[in-house]
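Here the chain labels run A, B, C and D in written order, and each chain numbers its own residues starting at 1.
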Amino acid sequence: MSNHYILTLSCHDIAGIVAAVAGFLTENDGFIIESAQFGDPSTGRFFMRTEFVLGEYSCGFAALKQKFGVGVAHHFSMEWQLADTSIKPRVVILVSKYRHCLNDLLHRYSTGALPIEIPCVISNHDDLRELCTWYKIPFIYIPVVNGDKLAQEAKVWEHLEQAQAEVVVLARYMQVLSPGLVSKMAGRCINIHHSFLPSFKGARPYHQAYDRGVKLIGATAHYVTNALDEGPIIEQEVVRVDHSNSPEALVAVGRDSECLVLARALKYHIEHRVLVNGNKTVVFR
Amino acid sequence: MSNHYILTLSCHDIAGIVAAVAGFLTENDGFIIESAQFGDPSTGRFFMRTEFVLGEYSCGFAALKQKFGVGVAHHFSMEWQLADTSIKPRVVILVSKYRHCLNDLLHRYSTGALPIEIPCVISNHDDLRELCTWYKIPFIYIPVVNGDKLAQEAKVWEHLEQAQAEVVVLARYMQVLSPGLVSKMAGRCINIHHSFLPSFKGARPYHQAYDRGVKLIGATAHYVTNALDEGPIIEQEVVRVDHSNSPEALVAVGRDSECLVLARALKYHIEHRVLVNGNKTVVFR
Amino acid sequence: MSNHYILTLSCHDIAGIVAAVAGFLTENDGFIIESAQFGDPSTGRFFMRTEFVLGEYSCGFAALKQKFGVGVAHHFSMEWQLADTSIKPRVVILVSKYRHCLNDLLHRYSTGALPIEIPCVISNHDDLRELCTWYKIPFIYIPVVNGDKLAQEAKVWEHLEQAQAEVVVLARYMQVLSPGLVSKMAGRCINIHHSFLPSFKGARPYHQAYDRGVKLIGATAHYVTNALDEGPIIEQEVVRVDHSNSPEALVAVGRDSECLVLARALKYHIEHRVLVNGNKTVVFR
Amino acid sequence: MSNHYILTLSCHDIAGIVAAVAGFLTENDGFIIESAQFGDPSTGRFFMRTEFVLGEYSCGFAALKQKFGVGVAHHFSMEWQLADTSIKPRVVILVSKYRHCLNDLLHRYSTGALPIEIPCVISNHDDLRELCTWYKIPFIYIPVVNGDKLAQEAKVWEHLEQAQAEVVVLARYMQVLSPGLVSKMAGRCINIHHSFLPSFKGARPYHQAYDRGVKLIGATAHYVTNALDEGPIIEQEVVRVDHSNSPEALVAVGRDSECLVLARALKYHIEHRVLVNGNKTVVFR
């Protein structure tokens, strides 16, 4: 039976927050494993993440959660979450035809490196079915029929709901989502973009990078918002290239960064290390 | 007038430490700016660093320090330090003939990037006098006479004491220090070694790296102990090289890493971000 | 039909080699795509790699090869190889229980990122059979019976010969090979070691790294020789870690480097970019 | 007396160029030290750089140059340069008030790491005079008077001509140059921009980076053209940052990248490793 929990919170930054939170945990037989905090001077907002275990004299998770809500959280008008690490988050992955990111995520999932449930993989193409089948994960093929993207999206959403998806990962899903769907998944839909944003938004970023002659190419994982490729950045990485790399070589080299960056971002997210701060993120690594 | 302080502490890891420290600060009108902690599961030791400002209703720094010592610190048997950030630490730099690290540190000192006092630079060679003079820093030339290293060291120590040196930086000082001197500066003497330790200890590490054919070379900043190049590592960095790099090219390329790594390590140290943990360090970056 | 070839050579470094090689190719209707060379001043040895295509007026690959051998190669006493890029090299992978490197290599193989044939995967454990089967690659299980390692090795060698293996990759194969087997595969057996060599040779390098408190961990791909973890290094990479990483966390973080480094080293090798230079390598990237 | 030369060239890519160049050098008692080439498939343009020494039976540098021009270079309609490495290129540095890049370049100049002559440093502010004086380099203060930038530029150009500047380095020179001046220095004026271009062009890039919440910041060295911050990129580097970095912290962290990137770009340039290819560069490192 688990007794390992993660508390995340944000609120207006005033004196006494850490003392109140740490005091509350100590009074309730909580033992802090790891704690991090950040006060943003530009907004006056305070962010905190605390991992703790509960001892035998605690009132139990449910009671603790209730007490925290009416007590400390209420007092400081906090936005907060309290997560039980024994419950694996349900992550649905959306893909199109590219296999590298999906292969990487499924491998990490199967070895336990990513402690998640994957109720299903959804795709607008049928190409990656076999891979999912091998990992014993339901593959749901939802094509765009007659160009009706909204109808396709409606079906996708239905499956996300059925799957009780807490997190949605766009692992090179080659469709721009409608504002309606995006808003339903605000703060929990992660996209991998194959450039070092804000450079090279939109289509064919490796070709854009080739044309500009940059000496490093990158990948960016970010939360999806309605401004294309402009959501809060979670993680980025770059890799050195040179004049001899064709656009195709950039695509090949970049794939490794895409996999790494997406896997890291998802790991930070499910470990509750990422707190959204306006159009930016606080990442407690 | 300053009211910005840094508390660092370590003690046996039990429940309630964060609550006690944060509670103490809140009760004494302290406002936490930044806080980090680490419990080492392999040793059961707890480490914490907290930056805070004092408000107008506080009892003042001296009284606060006294109260913390007899109260929280005593209760948890802490090793602790409480530093006033308005007082710049006194850093003495020891050099021989190589100029790059000294030039880098003095530049950072003069621009305020490294908020330190440099009461003097001490050297066993006279080569770098002019550079120090330009930066208006006393240069003290203490050669080894007739091979009597201990006599030279005794003079060095005398000057360190006169200078009230809190930190000693060996910026490519090409002398092995005696155990006696090392022990007097335990935990506050930083050396830069021009390899990625533990590879290539001792003399001519770039030539060792060349002979081994490594594809990355590095630099390591560490606290000096009596085991040569085996003290607690503070910071490391590497840079890519290839077969075409001669030993001389490795020396040239490596210099940039040496400067960067030493400057970072010193910055972490003077910001009280480095806590020694046996033969390792905790670095709260 | 292919007409894309790679010439690699090494010889004593004297004047006129590039002119002779380039002249030979031009006279034989060869068009140079890419060329690199290196003269090692410490040994007086010259290394060269040239990619070229043959035009319609050439004498054809077989005749060209014969002419080069009796002409330029003979004149300069070259060690040389001339490879037809349309023929995929046959690579046999040896594994034990760890899946990450194998999974990565098979993925790259299946997408064409690594243009190789994999006649079989050989293992001393049966754990990774299913993965190979999915990729439609024969999996050959050769356990060590009654501790008789040489008998097991003899069977491994038999299968390597049957498979006509040109390259052997030890993808976390947890067995030290006997001198006899090593010498049979000199210069074409690549191992991945999970440390930044020469640091942390031998067993449990991540635990060694944890104990030393290094701030970067790494991985090294090298040719296998009879000196354990001391063969010519092909490629290395590092990744930043800190005090909070447990040995298990280092293992998890390090896996990504292992995969990347091994895949890069194998790619360089099969593209004939790696030339052995004593106990070092020349890598024409 | 020197006999070490560097030939750089570009021309339409057809068969036989390497053979012709290497053959020419061999016939004239040249010994190739290092050679690199690149054929750009997107433009059909060929680029080559060859370092060589001349032996005792050669016709001498001047005659060789003449012969090459009327022979090989003419035959292939090459753009070409033949440089004598014993003649240090004359580099004029333009600065405003920021000292870090200038300090870094002058240090490298004084240690011989950058084998250049610096006939003078020119600035629109008087702040950095003392530093130049210490390095015994004439400091020329040319302020903008009454907002007349063209008049100031005219004086700058006069001094560049008097100084016989072959290379001009804008080491954080905070003035946009007029098209007229830019065109006079085409392909030999290097600027350091304090962002990872093409992201964050123009003013205050670190503040732009802060606002966007990127996880890596960078620096870019490029040739100056009349499209602001859009000239051919020579070198780039990035460094990891996080949410806790204020804009001021980004400025401080970024300075190290600026210095490194500018120094590397200048080194590549003076070693004739950079060939302009449209709005991109070929860098033979």
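Just so it is clear, a residue touches a chain if its C-beta (ideal position, glycine included) is under 8 Å from a C-beta of that chain, and two chains touch if they have at least 3 such contacts.
Please read these numbers as outputs of a predicted model, since none were measured by experiment.
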Type of subunit A:subunit B copy interface by residue overlap (half), same or different: same
Comparison of A-C and A-D (more C-beta pairs in contact): A-D
Intercentroid distance (Cα basis), subunit D paired with subunit A, Å: 42
Subunit A-subunit C separation of Cα centroids, rounded to whole Å: 36
Touching two or more other chains - residues of subunit B: 34, 38, 244
Subunit D-touching residues of subunit B, taken from the complex the two chains share: 34, 99-100, 103, 107, 111, 113, 134, 244, 252, 255-256, 260
Residue ranges of subunit D in contact with subunit A within the complex: 38, 40-42, 196-200, 212-216, 218, 232-238, 242-244, 246, 277, 279-283, 285
Contact set on subunit C toward subunit D in their complex: 15-20, 22-23, 25-27, 29-39, 55
